[in-house]
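Take a look at the structures listed below.
Next come two complexes, and both contain subunit A; in the first it sits with subunit B, in the second with subunit C.
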Partner chain A sequence: MTAAVFFGCTFIAFGPAISLFLFTIAREPLRVIFLIAGAFFWLVSLLLASLVWFISVQISNKESASQQKGLLIFGVVLSVLLQETFPAFHEVFKCFFCFFVLVSGLGFGFMSGAFSVVNILADSVGPGTVGIHGDSQHYFLSSAFMTMAIILLHMFWGVIFFDGCEKRRWFVVAAVVVSHLVVSCLTFQNPQYVSSLVPTYIIMLSMGIWAFYTAGGSLRNLKLCLTCKDKDFLLANHRPR
Partner chain B sequence: MENNAEDVENSMEQQQANTAPEPGQQPQEPPATRARSRGGSGAGAADGGGGDGGGGNGTGPEQNGQPPTARPARVVDAEEEEDEEMTLKYGAKHVIMLFVPVTLCMVVVVATIKSVSFYTRNDGQRLIYTPFPEETDTVAQRAVNSILNATIMITVIIVMTLVLVLLYKYRCYKVIQGWLFLSSLLLLFFFSFIYLKEVFKTYNVAMDCITLAIVVWNFGVVGMICIHWKGPLRLQQAYLIMISALMALVFIKYLPEWTAWLILAVISVYDLLAVLCPKGPLRILVETAQERNEPIFPALIYSSTMVWLVNMADTDRPKRNSAEAGSVQQPTQESAVESPAPSSPSQDDGGFTSSWVSQQQHRLGPLQSTEETRREIQQMPSARPPVEDDDEERGVKLGLGDFIFYSMLVGKASATASGDWNTTLACFVAILIGLCLTLLLLAIFRKALPALPISIFFGLVFYFATDNLVRPFMDQLALHQFYI
Partner chain C sequence: MVIMESALFTRSVMMKLKNGSSRVAGVAVVVPSANPPQGFSPHNKCPNENSGVYSESYGPTLAHCNTTVWNPLGNGLSYEEFDFPIFSLKDDNDTQLIKQCYVDHNRPVNGSDPQYPLCAMQLFSHMSAVTNTATCMRRNTNGFTFSPESICEPLGDHNIWAPAKPLNTTQKGHKAGESMVMATARLDSRSFFSEIGPGAESAASGLITLLAAAHALRNATQEAQLSRTIFYTFFHGETFDYIGSSRMVYDMEKNQFPIDLDNVHSVLEIGQVGLFSSSKVWLHTDPVSRRNGSVEEEVKKLVSNLQTAAKGLNVSVEEPGVTQPLPPSSLQRFLRARPFPGVVIQDYSSSFANMYYQSMFDNADSLKMSYPPNLTPEEQLNYVTDTAKSLAELATMVARALFVQAGGEESQVSAIKADELLVSRMLYSFVIASNNSWIQELVSSESAAQLINETANFYISVERQTSLPTVLVQHLLANLTGSTANVTQEDCKNQRENQDDKESKHLYSYSWVQGAAPPNSTERKGFCVRSTVHGTKALSPAFELEDYNSKDYSTWTESNWKQIKGRIFLVASHDLEMLTLGLGIAVLLTSLLLTYVMSSKADILFSTGREPTSATY
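Showing the complex of A and B:
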């Protein structure tokens, strides 16, 4: 565990998110505010879920490890559901700009990723041996990859969820919630990283493609963008009214 | 160090007192400035920007001395919508102009706390204002001691504020100026020397006295020049951020834990009362300054742009006193901030005589920015000649006391929370959101509002909630590598 591990894992986890931030958000002050607002709402949902979990732990049998694990799983599911209710409040801001969905989804993702991985990164700078007690040696790396996937997923979910809300397509909304739950439940299989990371990435790619088409992208736009003829293709179809 | 701490405390206390009135004074800022700031600071800053924007700042009133031209044609919806959009963007720009320095200050404080153990080490020293120890046998005793400490501290702050109001009322400007000067001297030389010393100790860097003396001397002198006279804007902003961070670090080191949290809470309440109550000292200060139509002493207020002399014309910056008092070193009071920026010679002479200019010049330099976000912005009764509005030039101001208390909260969170980074992050986001909301309220109400309460309230709630509820949950999740 060295600075190399620290920097490597940090860039893996936050690289795409930070580059997204720098290229699309950093220049517009309003977007930065929405990013922070998204982070704030995620934090509030986490707080509520932790409160429920904490209370349930206090009234449960602390000795039983399986019960504790069960409660933890319950806590995870609850927090996922709570997280999905918060974007609904964003209806309020609909009137302003549509891109804020992307931004607040990224805010959600940033906060979620940060809370999951920052302490781990801080530990990775110090001395120690990973997996000395027989645990997996890829703890840091897998955490970093998982975090990256989660951050991008939050952003895609935000876009799709919002579009579903706007067009009143409830199956879309349900699909987002279900896929979030699936991804969280996949992590229950850690440390068998193959079975948790690979499906997560598959889900992330499919969500990404779905979000791309939802936001109005198409193969043509993609080609134009890649040949630098059409900037901001994702945002081009979202104009403030 | 004890003595020093005490001395520092003394000056800090004085500062505090000074700052307290500041908020009151803020409103006194030049109407033009205020109008602008009002507009600018909140989301609605329409007035400068293009006449009344959606926020309708412009229209206001007469009192703000808004240029009569600020009257948008509301008739057309599309135009209105676009105005709203512009207003929102303009307001967002000003919010970001405050987010960046606040974030920088917090980053400096957290980085120092995490690396230099001096500021988290309990050396057994206390400030004279917090004489009761917190290492007691029982929890009840500790609670009582911390309440007593907080009471003493807030009493000192109130007394200082009243002293400042009196000094201002009886026109003892020299005293106040000298006070501020001494405070910033202490901060720039002595505290930064200690900071450097501790950093060198932490990284085991050998440094000879001569080099150190040259470095500290240059740092201090340039700082004094930039803050009290003129200097490049970025340099001045950097110095203000640095001294806020230094002050916050001093508070983090010398205030025992429970006392610190209590003081934060009580100061927010005090800020609220002092600014909004009709008989609040700050409000009185502001009103006095308004009556006299005097300029205020340049306070240590962070400003994001240079102010034009034109703005200074109308107002009188009577409030300087408070603002200044507060700002220097004061970590205390939320530093009303305002000080509409004194003298910045900047671009435009506006026909001011050189004597007036030189009088202004010895006040703060380029601090000004036309808006003070210190919420003290009040309606200015005088009508002002329309000032050139230039959206880009208008800036925003925030008192150094705000910086100091925000950084103190985040620094304390990172020093004492066992959840470490999660708690720090949560407090950081909470404070930024509080600042955003405060600026929004400012744009809506368009009158002086205190800056501390909302942010500190959110910060405290998130600190205790994250440390006690979220941390165990996240620890368990990280242990099993569950993701939510």
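Showing the complex of A and C:
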């Protein structure tokens, strides 16, 4: 429905991701490379998952709608599992700084977001809006918000997952996989957008806080930061000898 | 956007939409399956009034329909300029969807305005040309650039003609000793909407009668030695200020045609003849040219030939008793050149019997042509309707009159009879469906691709597109007046009887047609038809002379257009769109701010509380 909606939804979906890219990644070439690598690995996992789904659809009974829906759910679950195996490859890169995980997580998120929302954005440029067959008018808006959540979630999951792998805390790894599955399955609730968006945002916030702590942040640091006492903290640490 | 039933498609409503408000973006008219009983004609009340023979210098009292209005139901809609697209919709499921969308979203409830989202429709009908022919022809860049782009193209097609006796067609100009009786009919019609042009009564009835008469005369003209030759002619583009007939007269004057005006003895034209009631047809003549003594004599002879021919048949002929001009007819263009004796046969005396002249309703119902229910298409093809019977009677009369006019003996006329089954098949092919087994056998394989399963479109269209009626008449005339030639396909395509023949191509034209499939195979067995049928370009002389403001010749052009389509969708309120944009910008700015803050304080936020190890002493 016109350029206004196109730009609005683009900014909503990719706003946080773009700002992260601009301020944290764009300056360092190595980080850009990791971003692209992350995006690439997400695409590979999607390719494998779609291959399995495609073959199973061909084998299955095309007439039965419930079977098709079941296969779709299976495909989504498989895709999630495959996506989670790829961060394990980061062992290969054996990076010493958590930041690289964040970057490749963001790469994951960018590509996942692009795939889920770009065709919707393309359609939103036209003069019409969704609804002539009775669907909800808020399709574009909720897709954009969902995409924003998914991009940020991929980033947080990357951080937590890597930390869990590093410290051999397997329940952390399992929690990431389970929450990814939960979020993906929540999308089956659409078109009841409230029941899919609200839990997703709750999960995103909790993952965000968890990732913050994993990355080394703490409530104390946050308070210091917010009350602008940081300079004193630094100076205080430079005790004169 | 307005969607309306065809009952509202009247001049007053359309003028109101055109002039009243600038907010009308387009109109869609739902075409009903039944013709409106009160009639409808979007053409003018006085068709072709400025391009005929009557003017201030020729019969001024008869010009501009002063004595009689030919098309009283005409509302002139086809000649109004609309700056929004007007589409016609069939009354089917898609149209039902559009109406449902309106009912669901746009209907005001209890007098209050309907709420967003509202149902919207978009009609794409981009036309490149504007203003008039002179402007758009000037803007055409043909030949000046590497990729010639034309904005509009002149209307044109082909005139189909065949002399009853072979004539050297390669030699142009006057043919000594030849005297022709022109038997003419028109090939085209139109309606308000370009893709629909059924023209059953306005065009098909006349040309079918002439084709049937030509067939009836085939044997008689070959056997008898006639002093004059009958020249069957079908003019295209007569609706648009006589494109075809003006071109032929022009070619004759400039010696570009195998005969010239001195060879023409008289003209017998068959106009709209499908609706003659109480078996009476009317013979119209031009009172001004009849003031000339010799012309008057010839006209009287022609009329009496027609009256004699009608004896013993279920047809009676009569002249309108009053002094009135000729109705719109190709004869008028011949009279512009010089006074010819001529008669136009019509089924009305003072105004059209056709209530749907040049409209989308001029179909089988307009001709009152009906088939019993539950017939297969093949059975319908061979069923002889009442309309067919009347037209066959008329064709017999015309054939006999032509025979006598051409110098034939009265005693031989009783053998001349038109075939009713032939007439029914032709009516079926032009008015119902041309893609039938009979036509499939008569046409060439290239032309067979043009056959369709619905009524033929009689609109002339632009020159590079040959309309379906032209193709049908060409093949039909060849089949009905010509004969099978025992030649190979290669010889046939090269217009010769055998390898050494160099002469036949000047006299005859050869056409390889598909033929029928023998009973035990699916491959059609084609054969060669030798006839005297030819087609010449029917393009207005104004375009040859490049006089695009011509007052003498037709200057009609058709604009080039892009793909024509339409779609419906819902539109959201402007507020919601702006809200989305605002939200997006807010999210973007907030995240930019947050990220900047976080990245500049990153070392504080993400430190583990240990003293930095770099602080060595």
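We adopt the following convention: the second predicted complex is superposed on the first by the 218 of 241 C-alpha atoms of A that agree within 3 Å, B and C clash if a C-alpha of one lies under 4 Å from a C-alpha of the other, contacts with A are read in each partner's own complex, and residues count from 1 in each chain.
One rule holds in what follows: a residue touches a chain if its C-beta (ideal position, glycine included) is under 8 Å from a C-beta of that chain, and two chains touch if they have at least 3 such contacts.
Treat the numbers as computed from the prediction; the structure is a model and nothing was measured.
Once the two complexes are laid over each other on the shared chain, residue contacts for A:Trp170 go to neither subunit B nor subunit C. Shared-chain residue A:Phe40: touches subunit B; no touch with subunit C. Legend: residue contacts after superposition of the two complexes on their common chain; A:Tyr213 is shown touching neither subunit B nor subunit C.
Shared interface residues of subunit A (contacting subunit B in one complex, subunit C in the other): 241. Across the complex, subunit B meets subunit A through its residues 81, 85, 88-89, 92-93, 95-96, 99, 419-422, 425-426, 429-430, 432-433, 436, 462, 465-466, 468-470, 472-474, 476-478, 480-484. Across the complex, subunit C meets subunit A through its residues 101, 117, 119-120, 122, 568-572, 576-585, 587-588, 590-592, 594-596, 599, 601, 604-609, 611-612, 615, 617. Of all residues in subunit A, those touching subunit C in their complex are 1-2, 4-5, 7-12, 15-16, 18-20, 22-24, 98, 126-132, 137, 140-141, 144, 148, 215-218, 220-222, 224-225, 230, 233, 237-238, 241. Listing the residues of subunit A that touch subunit B in their complex gives 28-30, 32-33, 36-37, 39-40, 43, 46-47, 49-51, 53-54, 57, 68-69, 72-73, 75-76, 79-80, 83, 96, 111-112, 114-116, 118-120, 122, 139, 142-143, 146-147, 150, 183-184, 187-188, 190-191, 240-241.
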